[in-house]
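Common to both upcoming complexes is chain A, partnered first by chain B, then by chain C.
Then we have the complex of A and B:
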């Protein structure tokens, strides 16, 4: 969205996050020795209620709401939670691609081993690190967090990821993951306090729009 | 406090390595000695990516740079990084930024998950074995079902399967107000065929009769071998007499004819009686009795015609 010749905040965030996931793709390519593409087509800034509606739409489309989630909470100057969501039914194939393994389709279920969880933990760590790291570097606001927690949620709803208290806002984006031609569509939800997002957006405005 | 830390790190069952910003090893605990097979005195003051060559890759160098700059922990999984420390062990690697004597350093924690891999592989093997066993059992179940419900000689339904479907079809006919047809079929002079051409040929004639009936009826009709040379056919969903007539015409076309079996020219003729629910009875027993009765009338008629 371009307003009066100025670049919109959503466009700037989209660009920033794509730089981040570009680095994540290159790291992952180096690790698994396969060509990997990671892109975020657009970022939307939504209030918590609207964010929940949009997220529920995505969850309904994927595997009857069963998702594999990698999430971290962050605090200090910025406060919030980032969740990286993938459709659970695609994850065995996705993990097999990452590990250069093949298993019979009939072996696949929604049960995951500790090895699967650790694989997704690493991928989540790399992707989330790249996004939050890029944002933190650009606006020069430090962000502190721990390693991601990985979980499989059946019948997940937006309430798992979006907290409506504390005037929280939602940054919502889809993540197109391409491993040598196999595409998996994930979503990233950043639920953060209004103050945190204001801090980021004000810095972005100053950096890009000279305000 | 500082004095007890090395003691603690020496005891824990995790490989602990501390490196400087330049990747030089300053601490190497006994557990990592076990995992890597490399002694502390041989690796201290060396670069970690020289000691553990799997770390001599851009992903590791970049991770260290980011960790030192941002301080957020990093995780590398044993699944994605197969031989981080040696060929014998599978380890997860966690990296944290720490402060040592006022300087920034990086602590590497190598967590041994070799047993997890072994257990999961074992479980996968068990699951595969169970899955194979399950498939074999399903195959056997099919064979058992075939033996329980189908006539061994002709392959059509036996009486057990007939009983199962007869009650079901009658209930449906009562519910929907449709007719249920029951056809009684007998092979004329079958004893003579057996006596003349032998039992082996007689069995083959019986199989051909079963095929003839199956080919002449619809998908949901049940052809059943009822006794030695008797067949019963259940005809559900008969709405009009014409529905039945179509089937009867198909059977009639083949009911009396010469067949060639085992080189013999055999005269095959069938006697048929048909009864309908509700006109001829309310129960399956009534319908069988009526159809049997009509079949004997038909048989008698055939004999009279041949005289």
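Then we have the complex of A and C:
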């Protein structure tokens, strides 16, 4: 419930992530040299079990279980792992756009070359840096990244992305990019320790709500 | 001829950096390395005039590579090209004596900035 004059911490967090996602979209637009339409996502903070249920819905409805995943872990004061999920069947077209290449027929196979993986790994790196880096700058909490990883998963389930052992909370954003009529419905899943989210929310309180 | 060493673990980024700079610079030889360790090896071997260095790389991070290179040659000319947008990372790296810290992705404006640094340096030699 909103208190007059006070904005909820989730609203502020959503806004901060939206700034990062907006920058990520602008960055992607620079790379592919085309305009990208972006549906502004809402951020949901869920416990790991609820997060899994929501994510499984996405995997069933949008990606039919086959996703390309680009992920980076981060530690230092904030600890967690960010995964970008894209429906694998759209990725050949997206990679072609990134490499400024065209193929006569759109390929729907789940076979990807080393160049495809390298491209998505680097794009994921840039996008995740935009989102987490901007948040880190705003709340003034540094993060250190591990090397990005990329994988294609058939029949993926939420268990791949949500670790109930080490991380207790899941921040999820579902977002849709529209590139020249091709809609790519992706998801961003951030697994975070309870302490890390507390640190962020406390900083937000101090910065925006004067607590 | 000016020699530029591009150190980046992403072939995709190597290609973009090479393509942009090749448009704006003449008389340039490019050398490539796919991680920090290889970057250090190529620095010693090829003796480049300029290095363009990514930060998040396997084997040796960009920050550690820059430190080692600066120990070998305090005047080594290093330009950082990284996706890391954190202000603190920029502050730390800029104190290491790099010529410029530029955020990925490279675009025409940023490429011209790098080309100007390299072009002006080459003309001054």
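In this section, the second predicted complex is superposed on the first by the 191 of 211 C-alpha atoms of A that agree within 3 Å, B and C clash if a C-alpha of one lies under 4 Å from a C-alpha of the other, contacts with A are read in each partner's own complex, and residues count from 1 in each chain.
Basically, contacts are C-beta pairs under 8 Å (C-beta built on N, C-alpha and C of every residue); 3 or more make two chains touch, one makes a residue touch a chain.
Model, not experiment: these values are computed from the prediction.
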Fit or clash - chain C, chain B, common chain A: clash
Touched partner set for A:113, first chain B, second chain C, both or neither: first
Chain B versus chain C as contact partner of A:147, first or second or both or neither: both
First (chain B), second (chain C), both or neither touched by A:134: second
First, second, both or neither for A:27, with chain B first and chain C second: both
Doubly contacted chain A residues - partners chain C and chain B: 27, 30-31, 98-99, 115, 118-119, 121-122, 125, 129, 133, 136, 142-143, 145, 147-148
Chain B to chain A touching residues, read off their complex: 57-59, 62-63, 66, 70-81, 92, 94, 113, 116-117, 120, 123-124, 127-128, 131
Chain C partner contacts - residues on chain A that touch it in the complex: 27, 30-31, 98-99, 115, 118-119, 121-123, 125-126, 129-130, 133-134, 136-137, 142-143, 145, 147-148
Chain A to chain B touching residues, read off their complex: 27, 30-32, 95, 98-99, 106-107, 113-116, 118-119, 121-122, 125, 129, 132-133, 136, 142-148
Contact set on chain C toward chain A in their complex: 9-13, 56-58, 83-89, 104-105, 107
